[in-house]
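Paired with subunit B in one complex and with subunit C in the other, subunit A is shared by the two complexes that follow.
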Partner chain A sequence: MKTNLRKNSKAIIVLTVIAVFLFVAARGMSGKDVLITVLRGFSIGSVTFLVAAGFSLIFGLLDVLNLAQGTLYMIGAYVGWTVYVRPDTFVDLLTPILLILAGFAFSALWGRLAGLVKLAPKPRKTIAWLLILVGFGLLAVVLTRYPIAKWDLDVYTESPITYSYMADQGMRIIPAEVAFDRISPFLALAGLLLTSAISAFGIALLNRDENRSKSITWRKLLVPGILLLVGILAAVFNSRITSWMFNMSTNLLFVIAILIAVLSGVGLGALMETTLIRPLYNRPIYQLMLTLGLGTIGLQIVQAVWGRPEFVFPKPEFFIGTGGACPATNIRDLFANHCSTILLLGGRVRVYDEIFIPIVGIIVLILVWILLKRSRIGMIIRAGVQDRQMVEALGINVRRVFTLVFALGVGLAAFGGALAASSSGLTPTMGERLLLSALIALAIGGLTSFPGAALGSLLVGLIQQFMIKYGQIGIPLPFTDAVFKPSPPLVPASTVLLMVVVLLILPHGLLGTKE
Partner chain B sequence: MKNISGFLTKNRGILIFFAVMLLLPFLVGLIEGSSPALIWSNQGSISKFVEGLGIEIFVLALFALSFDLLFGITGLLSFGHAMFFAVAAYLTGIALKTLSMPFGGVVLLVLLAAIVQALLFSLVLPRVKGITFTLVSLGLASVFHIIVMSSDMINLTGADVGLQGVPVPAFISPVTERLRFYAIALTLLVATYLFYRRFVASPTGRVCVAIRENEDRAKMLGYNTTIFKVVAMIISSLTASAAGMLHALYQPIISPSVADLGYTVTGLLIVLIGGVGTLSGAIVGAFVLRLLDFTLRRFIGESASFITGAIYVIFVLFVPYGVVGTMRLRQLSTKSGWQRLAGLLNPKK
Partner chain C sequence: MSNILEVKNIHSFINQYHILQDVDFVVPKGSITALLGRNGAGKTTTLKSILGLAIVREGKIIFQGIEVQGMQPFEIAALGIGFVPEHRAIFRDLSVEENLKIAERNKGDLESKSAFIFDLFPDLKKFLNLRGTELSGGQQQMLAIARALVADNSLLLIDEPSEGLAPVIIEHMINVIRQLSKQSTVVLVEQNFLVASKLAEYFVIIEEGKSVASGLMKDLEADKAMIHRYLGAA
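And then the complex of A and B:
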């Protein structure tokens, strides 16, 4: 205990100073203001934490600072919005995505087939590249002809802004269905599966030597089989699923939207790690630059698909009740009337923004903590953070754990995006802003420390919110009548200042360990 | 005499570049059909346009050179490098517009600000290393970006619209005296490049390279690595500030986007295209990027920046040494290839 204290004396002193500052800041406000500010701080902190946690896991194990995390957070938000506001687009997209995935996922089969090809390396590689090119070319042709319900950025009544505004008002526009008029349904489905299979076979042919020994088992064919089946079912029952999703309770739809957002994040993360990050493991600075470039590209794609203007992500039914017994005064009223606000200490607290998000943040913190501390995979991750070479030497397939952690980290960011979008709206700049907060939180808490990420995010959230609150009420300067109002630019500036000060005293952050 | 001829042969490439670029407006004028005298008095329209594009490229190249010194030579990856550029640009604009200072005073002020900023960054240098330094520099620069964008100082900076209507001194006005502006920018670029090559070859520069390769070993050899890093930082900051100043004088609007992370990424992209740590790569990269961007924007439109991003990723993945770096690696094999080709054409020999 004593040595522990002495070792971490600087961190404890810094934390105490920050706590005293916050306490003094809280003394200057009324009780309800303090409560709301602290809850908002927890809310911002939770969202920041979801991004920063992914950061710290990825950086700790893989030594990759994933600067695309902000963009992936934003993509999570936009994907969630699409599922929630335009389920028809989502159902239309489901079939092609699942079929293409299925085509690639039969990799065991392609590997076995590629093993049967008896060719000299050079013609084999030429044929493989040819197949890949032809496969992707045909895939592009089929995809452009596949009917997908779209919004139109140029027509105001069909833009995302209108759709989300109407959904927010409780009047959903149900867009017209798109029919198979440029390609026959059978040709479309078969084309999607076949073209992706051709490209997958080409890739298998290219890497034949690496996966020669793989055998086909029923379990390896089960997953792609399920993907295939679900994809075809989604195509057959397209209009029924769409109308079912339009008519279901928005609470359930919200949960589905968040799940899909997380899944898309996990998928994107796994794809990024296996195809782009993996070739660069011995060039760390290039990984950094690559993720930066991917972030910019992602931003461009989001702007091209969803447009630049800001729009809202409507909240589900559970959080928008008004009138009658609202704002609720106790928990039972809240659940009975689905109030959007609740009275705490005489102040109105928004249920979704200031209570629901922090609770979700804490639940995720606990879940990831259990995963890290109590499961076998968590044990491998913790060991990998400590010493990667040793884990490899013990015969554990670290590569697979890398992919898993990367996917998990990106999935957390996408989750944060979908969650935060309902309270803060969707803009193409949301990713950049959050990326900065998460980086600052991580630098304060310690780059590789998971609890550090949580602590740093909380501090960043609290300090931002206290600054914003004091920007409204002003700080009375001692010995004068003047009131100093911190202007909005000072809010992010204050967190950066905190980061610089902390790093000057503790170069490894509050909870980080020396290398 | 020997010194001079040695200097000429060693820097053959850049001197040829200097001569060609100086003559370029006149060559374009000949194609266009206007006489050199017209070009001299800033009359030809196409050659004036070419000069403008050239100035933009020189400013980018100057900025990328300073980034290469810091990242490619000394090994400090700073994500706040655009701050040097932006501070100089805004300072020039404000000093000329609001304070109406004489031009010499503005230059002095900008150079002073550059040194102060470099020292500010150096404050954290001895404590934080590697990725953490990258984060701290990003944080500092984004504070500046936020201040520039804020509405509190809209009278000074113009907030998100940008700083407009800077009164440029008549003798280097980009409208009436563009040829002179072009020549000054080009000379500044070439002089900076020559100075950088000399710097990298000097004992101080060698230590900077050693820091990039292995800082602990450089420390063990008895060098105070922090001082060398600060020196590199100051030189880099001065160069970036000069680029920022030219930018402010040339462009009609100083947009706040020069202060954000995207502008640093542009510098990084240029260095990456040209080749990290090659210095001449920065000039090559600036040409490639600006001309590519110009053509793409003309023929494709808005999605040009998406393609630029894709090129960036391709370079990171497949051409890590950039154009110049790959050429240097291939130089020997190219030479022998040419010789073999010559042998085939001349079988008797």
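And then the complex of A and C:
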């Protein structure tokens, strides 16, 4: 204990100074202002933490700075919104996505078949690329003809803004279904499966040596089988699932929306790592350019699909109660009336933004902590951060763990986006701001330290919120009558200032260790 | 006696550096074979090549009848090769128990081997909850060897086991490796010729990336000229 104190004396002093600083800042406010400011700080801190934690996990094990993390956070928000506000679009999309995944997921089968093809390397390569091109080309044709109900950015009454508004008002009307008119349903389903299978087979032809000797077991066919089945079922029962989702409790729908957002983040992360990041493991500069570029591409795609204007992600019914009994004065009333606000110390506290989000943030912190400290995967991650080669020399497939960690990190960011969208709204720029906050939080807390990510995020959130609050009430300057009101641009600047001060004293951040 | 490992004329690279330029030897099953040579001769790279941690561009490595060159390191290790690297490579963020547990290839490996392991290294049992790096150098070396014993490994690659250890502890370690060799074949890299000659039945001398001599250890011990020529000391 004593040596620990001495070793971390600088960090303890800095933390104490920050705590005193925050305490002094809090003394200048009334009790309810302090409470609300601190809760908001926790809320912003939680969302920042979700992005920063993913960032730190990925950087710690893979040494990759994933600058697309902000965009992936934003994509999580937009995916969640789509499932929540337009379940019909989601159900329409489900079939093509699952069938394409199924086509690729039969990889064991394709690998085995490719192993049977006896060809000289050169024609084999040519044929493989030809199959890949033809497969993807036909896939594009089928996809563009596949009917998907969607909003229309150019028509105001059918824009995301309008649908958001309607959902917010509780008007959950099922939009008109789009019929199979440019392609027959059977051809569409078969086409999706077949074209992705052709592409996957082409890819299998390219990696000649892999998979050949491996046998096909039922377990390897189980996952693609399930994907295929669910995809077809989603197509057959399309309108029934849609109306079921439109009529379900918005609480349940909200949970589903968040889950799908996380899953899409995990999927995107796995795809990114296996296809794009993996070839660049020893080239950090290329990784930076790649992830930065991917972030920009993602941003443009989101703008093209969902449009630039800001719109809201309506809150589920649990958090929007109003009326005579609201704001709630105690927890029991809160649960009985589902109030959107609760009175604490005489101040109105928003339940979703200022209580629910921080609680979720803390739960995620604990869960990831348990994953890292208690599970075998966590053990491999902690060991791999230090010495990748030795872990591999023990017979552990570190690559698979890499993919998993990357997927998990991106999933966390997507989770943060979907969670935050209900409180902050959706805009294509939401990711950039948060990426910056998350990076600052990591610099403050220590880049590879997971508790550091949490501490840094919390500090960033608190300082931002205190600055915003003082922007409203002003700081009376000593010995004068003047009142200083920090202007909004000082809010992000204050976090940067904190980072500079911390890094000057502790170059590795508060909880970081020397490399 | 059959050979568990055959290294056939390999050329290996670490990054772009051509380190091994024709290394060739066999390891008889159940033996202890010592790789000898001066610093930087390529002994450690030879061990890394066997495990796939160094890139083998030419030649073949055959382990239990399987050509392993070009395979992923984790696949090679999973065939039954345990690795004790130089400087031990204990995971500092893991407890002693976790350092052992991470080497499990099947659930319950550690449990079934624990009697054997703690019989060899009674010290480790006392320190299960300490961080790996809170151990002394000798204990870390024991932990590194113990880690290679958790899974069923028929071949152990041990790099510089005596490095930086006190003479008493070296003595203990020699006994441990002798006991191990009753169950697994051992390939040993050793700077300390006295230690190597006490342990090994066979030797391979590597000089500037080439294997220049190999044979029975007792023949080498008798050949003072050769020892002087290749190892500098006698």
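Here is the rule we use: the second predicted complex is superposed on the first by the 514 of 515 C-alpha atoms of A that agree within 3 Å, B and C clash if a C-alpha of one lies under 4 Å from a C-alpha of the other, contacts with A are read in each partner's own complex, and residues count from 1 in each chain.
Everything that follows uses one rule, which is that contacts are C-beta pairs under 8 Å (C-beta built on N, C-alpha and C of every residue); 3 or more make two chains touch, one makes a residue touch a chain.
Model, not experiment: these values are computed from the prediction.
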Subunit B and subunit C placed together on subunit A: clash or fit? fit
TODO: State whether A:T126 touches subunit B only (first), subunit C only (second), both chains, or neither.
DONE: neither
- [ ] Have a look at where A:R382 lands relative to subunit B and subunit C in the superposition and call it first, second, both or neither.
- [x] second
In the overlaid three-chain picture, which partner chain does A:N207 touch, first (subunit B) or second (subunit C), both, or neither? neither
Practice task
For A:T329, decide between first (touching subunit B), second (touching subunit C), both and neither.
Solution key: neither
- Item | Touching partner for A:V496 - first (subunit B), second (subunit C), both, neither | first
Where does A:S239 make contact in the superposed view: on subunit B (first), on subunit C (second), on both, or on neither? neither
- Message: With both complexes superposed on chain A, which partner does A:T16 reach: first (subunit B), second (subunit C), both or neither?
- Response: neither
Exercise. Considering only the touch criterion stated at the top, classify A:L394 as touching first (subunit B), second (subunit C), both, or neither.
Key: second
Subunit A contact check, subunit B vs subunit C, more residues touched by chain B
Overlay on A puts the nearest Cα atoms of subunit B and subunit C apart, in Å, by 15
Where subunit B and subunit C land on the same part of subunit A: residues none
Residue positions on subunit A within touch of subunit C in the complex are 376, 379-380, 382-383, 385-387, 389-399
Residue set of subunit C touching subunit A in the complex reads 51, 53, 72-74, 77-78, 83, 85, 89, 91-94, 98, 101-103, 105, 147, 151
Counting only contacts in the complex, subunit A reaches subunit B at residues 65, 276, 279-280, 283, 285-286, 288-290, 292-294, 296-297, 300-301, 304, 432, 436, 439-440, 442-443, 447, 487-489, 492-493, 496-497, 499-500, 503-504, 507
Subunit B contacts subunit A in the complex at 77, 123-124, 127-129, 131-132, 134-136, 138-140, 142-143, 146-147, 149-150, 152, 261-262, 265, 268, 272, 302-303, 305-306, 309-310, 312-313, 316-317, 320
